[in-house]
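Below you'll find a set of structures to go through.
Shared between the two complexes below is subunit A, which pairs with subunit B and subunit C, respectively.
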Partner chain A sequence: MSSHSTILQSINPRQDPDLSTRARLSEVDASMRTPAVLFLVSAVLWLLAGSLFAAIASIKLHQPFFAGNIEALTFGRIRTAHLNAMIYGWGTNAIFAVAPWLMGRLCRTRIRHTAILLTAGVFYNIGVTIGIGGILMGDMIGVEWLEMPAYATPLVAISFALVGVWVIIAFRWRQSNHIYVSQWYLLAAFFWLPWLYTIVQIMLIFVPVHGVVQALTNWWFAHNILGLWLTPVALACAYYMIPKVLGRPIHSYYLSLVGFWSLAFFYNWAGMHHLIGGPLPAWVISAGTVASVMMVIPVLVTAINHHMTVVGFHREGWASPTIRFIVFGAVNYTMVSLLGSAMALRSVNESVHFTHFIIGHSHHGVYAFFTMIMFGSIYFMLPRLLGREWPSAVLIKIHWWATAVGVTAMVIVLSIGGWIQGAQMNALQDVEGALVPVYTWAQVVETQTLYLVGRTLTGLLITVGHVAFAINIFWMLSKTGGSDGTTKPTLLSKLANDAR
Partner chain B sequence: MGWGGYIILLFGFAFLFFLGAAAALNWAHRHGQLENLEEGSRSIFDDEEPEGEQTDQFPGKK
Partner chain C sequence: MKSLPLIFLGIFFTLAFSWTGLVLTTYIQLGDLEPATEALTDAEGNRIAGVFYEDDARDQLVRGENVDNEAVFPRQWSGSAERGMRVYADLGCYYCHSQQVRRQGFGSDFERGWGNRQSVPRDYIFQERVMLGTMRTGPDLANVGTRYSVLWQHQHLYLPQSINEWSTMPPFSFLYEVQPVSATRGPSPDAITPLDSWGIPDGHEVIPTQRAKDLVSYLMSLDQNYELPEMKFSQ
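And then the complex of A and B:
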């Protein structure tokens, strides 16, 4: 093995003595063990922290004086800390754990010089901790999803670049002729992320633009973090795990390529749907609406593919924790995207904008789609990295039921509440020849209390799932040595046979 | 920089991106990535994790 190859050799495949060796899957898994575990532990800790921030923020909405005397916990700060902890803390760390491993598996190549990934991981999490600490201390920047103060962001940006470069280098080392659709999605995601981050930092922080272009840039960036970073990675995982676990190839590979390219062409214009009704040129808003509706194409293509791959195998799939989470995620991808396309129409947007419907939608996307798929991917990946089984099937089931029921209930509660909110805010009546609002602001707010309590309760249910997940992970990591003698790992029997 | 400058800059970058995407698609076509799609969908299977075998279950279950 090329344990003595230098970093320069790593960058140029032609200089590696054992270039022709197509690594076995178990080798690839072993090479990612330490970095993936580091990123995964960080991700889970941020998931728990983010859940705590969410609980505080949600309680404050129906109990405004809760923790009212603690400055760091005021709603504006704690809600922002929740967003950043989930996107940058949980989501991006989970991606940094799974994406290099997935790229290595697809390229049939070990991930080399993992020390650099580890360094990136340490810098990244220090940066995010300082950033979120800064938010709670009051140094937040007023740009949605870019709130981490300027003293934290260089560390974050460098880490993005390091991990991204490493994934692309792994791609250069590929031993497979065919580039699988998941590789396209991963390469694209790791190219888009540094681009997005750099441009928004330049255009909003370092050489700031003026006027409404700021809002435009903000939402171009924020929506593309969802559409060009979280979404492609989640789709890459789904396109790999669903066929891999079920042992059946994707139903129509041709369709999956259509889906990738149409996503690449349409998604980046969709960000303007956040500004519908705002003081922007109508063509900008219309472009956002059109792109959002055009997204129906890649979404339906993906839905057909996933559905036709799973159909007839639901019982087998149910027996796999990975499939449960990933299929749930894939189904919700279809739903949240179709709903989103509808919400981008001006007529619908009039009712839902600035209501809790939007919060339901964002949790539908980031949680019911992205996060559930990452959970499924982790359930598949970690046993293969460590060479041992998950310790507890019960904890997996608690995690599954709590999060699946919890997020579904949350989205329903917030959608109903938000729809009512929008309808009430828009309701007008004719009083002596003038159109006046039917409901006062206070009435609208009071009607929402029930739904906000619903949000807190469903969020707490989801958090129960997170705690079960964390316990399972730390339990699994704490088991020393190889397989424990009591349970024979079913899915790892092949690995065990190889090792002999 | 006036709005005209922004239009040129942003549309310029957008066009470069479009060319990049078109180049990537062209690269894929020239390297045979868009042929043999049946084989391509099977490329994730090998002797360690063959096609037809389910590779994940709840722990402790056969």
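And then the complex of A and C:
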């Protein structure tokens, strides 16, 4: 009993009274330093690995003989390794670095017992490494977004829960009376992910349901890991960083409330739009289409809120690496979501389904929105954790231009290519009373080569940005000692009023 | 709303609601589907003529008894096809090939010869892994078993470009072994006929591994060329 109460006391940060807010924030920063750096280093290594996998997969789509006749590198495997490295390796590690720290700051509670967080982090990365190794070596499971074999996933699921606990503890013993919208998003995301992952592991991997319910459960999950994990965390970061860096409050508290609950309510029904035209009852597809269209509400509400906060502060925003990346992400959130709602309409879906348009759309969402916001958040967080500034503004600029231009070009190339692909696939003509395809399959395949080469080139440009980012991070980490004495943040352009 | 329990309830409810609404409800609706004969009989033993999926009654499951002494569909797979399904999954074939025929008038699935009726939930009831797919970098495979021979499948897997020079499909020659013809036993009965472009040296033969054979039996089992009570041809 006594040990029980000691543990409760030790995680209850209320026993440090009367510290000024700033000192408390530095304490939060200090308490998260080691785990955040561990997660961040893992995230960046996965980002580089994922970029390499992506390059091999992308080249193979137009050069099928590239990289030789090696089973582990065949397209189906290397493409899957890319997806898993980016979602579970890069994305989730980046969230684990940023989210507990952000929650701690908002709650004014330092994260205690970080050894457990560190352990969870180590086990998580072992789990993902085993999982991706298993995919490459031939134990891949035929469920999209859940390909990691069953001997890796329990480790991953437990780590999700172990990290989530610290976010929830920080919230439970928060010192601030006010609850900010970012806290809702973080709290929800860290509840949703372990549940979601455990449910689908049981329903699809350990006791698989048979028949098309499997496909339905698959897309319920795969869309939710975007909607209930990556999206809420990225929105929480945007809601925190934009007002923080610009020094002005968020436009409307009530709008952010509407945005949160409408997202929670509609997003997890939307995944069924991946099955339009498929062998499922029409009501399931209709429910997915309706929810996809209803997503317009949370998206517009969030867009208004973010935009109205930034408006008039463009010069300051342009100078700050954080704001540049985060505003880029926020704008793309609006675009990708509105496009997504349109793509869920049956008439549009008939053309874009089964084409590279969808691949473009998923990079638009996971990269141009989520990843860019995580980059921005890391640019904000790391100097505060280490007490030192980013060593090179040039590298940040390379990172910015390569990724922003690269992903924009990639989405445009894949959207155009995919639209043409869909149009050619579906085009029919009347020949002597019978409908026949206008284009042979060979013509459909050959037309795509141009766009697939475009994808490889834009992907390589993005990779240049990743390398610049990685160099900057490791350079920053390798500087020994505490503060480098700079008081000015690393800015990307001069401000008119340099006193700022 | 400032209390953790209240927020937690909201968070819990939204996820539980969609799981119940989508996953559980569909499971209740479709979970007990059984193989069926091409038509059904009513309580008096009369054949129910064509119970179609039509716009006004799309989601109705057909009620009735299977006709006595008629074949039921879908067919159960052989053990080799079951193993081949795992090969199909672990090579990631489903990232480029779908396995679903969309209804006539929605896309060009019929006109491309991918099937002569729409795929329905009953077609998939025996599948341990349902790989409907979301991409058509390559053609749909829901009925690929009706389109090609076993030899064609092996030759195409070994080097797709030797059959379609424009193909971007990766070669799967690592599923085959090239070995000298045994001097004592003569050519292997398993050997597949090589094509000239493979450059197989004289006195050698190409033998499919067990995985290649399983994969081809799986591909040959992909066949929805039968009618079901709820779905007739040309729909």
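Just so it is clear, the second predicted complex is superposed on the first by the 460 of 500 C-alpha atoms of A that agree within 3 Å, B and C clash if a C-alpha of one lies under 4 Å from a C-alpha of the other, contacts with A are read in each partner's own complex, and residues count from 1 in each chain.
In this text, a contact is a pair of C-beta atoms (placed from the backbone, for glycine too) under 8 Å apart; a residue touches a chain by one contact, two chains touch by 3 or more.
Quick caveat: nothing in here was measured; it's all calculated off a predicted structure.
Colleague: Give one word, clash or fit, describing how subunit B and subunit C relate on subunit A after superposing.
Modeller: Partners clash after overlay.
Colleague: For A:V213, decide between first (touching subunit B), second (touching subunit C), both and neither.
Modeller: Touch status of A:V213: both partners.
Colleague: Is A:I179 touching anything from subunit B or subunit C once the two structures are fitted on A? First, second, both or neither.
Modeller: both
Colleague: With the two complexes superposed on chain A, say which partner A:I396 touches: subunit B (first), subunit C (second), both, or neither.
Modeller: So A:I396 only meets subunit B here.
Colleague: See if subunit A has more residues touched by subunit B or by subunit C, and give me that chain.
Modeller: For subunit A, the partner with the higher number of touched residues is C.
Colleague: With both complexes overlaid on chain A, does A:E350 touch subunit B (first), subunit C (second), both or neither?
Modeller: Touch status of A:E350: second partner only.
Colleague: Considering only the touch criterion stated at the top, classify A:F65 as touching first (subunit B), second (subunit C), both, or neither.
Modeller: second
Colleague: Contacts for A:T322 in the overlay, against subunit B (first) and subunit C (second): which applies, first, second, both or neither?
Modeller: first
Colleague: Contact-wise, after the overlay, does A:M140 reach subunit B, subunit C, both or neither (first, second, both, neither)?
Modeller: The second partner, subunit C, only.
Colleague: Could you say whether A:V453 touches subunit B, subunit C, both of them, or neither, answering first, second, both or neither?
Modeller: Neither partner.
Colleague: By the touch definition at the top of the document, which applies to A:V445: first (subunit B), second (subunit C), both, or neither?
Modeller: Only subunit C; A:V445 stays clear of subunit B.
Colleague: Which subunit A residues lie in the overlap of the subunit B contact set and the subunit C contact set?
Modeller: Overlap of subunit B and subunit C footprints on subunit A: residues 179, 209, 213, 261, 264-265.
Colleague: Touching subunit A in the complex: which residues of subunit B?
Modeller: Touching subunit A: residues 6, 21, 25, 28, 32-34, 36-46, 48-62 of subunit B.
Colleague: Touching subunit A in the complex: which residues of subunit C?
Modeller: 1-2, 4, 7-8, 10-12, 14-15, 17-19, 21-23, 26-27, 29-31, 33, 58-59, 85-86, 88-96, 98, 100, 102-103, 106-108, 111-112, 118-121, 123-137, 139, 160-161, 164, 166-174
Colleague: Name, in rising order, each residue of subunit A that touches subunit C in their complex.
Modeller: Interface residues on the subunit A side: 60-62, 64-65, 69-71, 74-77, 79-80, 138-144, 171-172, 179, 184, 187-188, 191-192, 195-196, 199, 203, 208-217, 220, 224, 228, 261, 264-265, 268-269, 272, 274-275, 277-284, 287-288, 346, 350, 353-355, 358-359, 425-428, 435-437, 441-442, 445-446, 448-449.
Colleague: Going by the contact rule at the top, pick out the subunit A residues touching subunit B in the complex.
Modeller: Contact set of subunit A toward subunit B: 24-26, 106, 176-180, 209, 213, 240, 243-250, 253-254, 256-257, 261, 264-265, 316, 319-323, 379-380, 389-393, 396-397, 487, 489-491, 494, 498.
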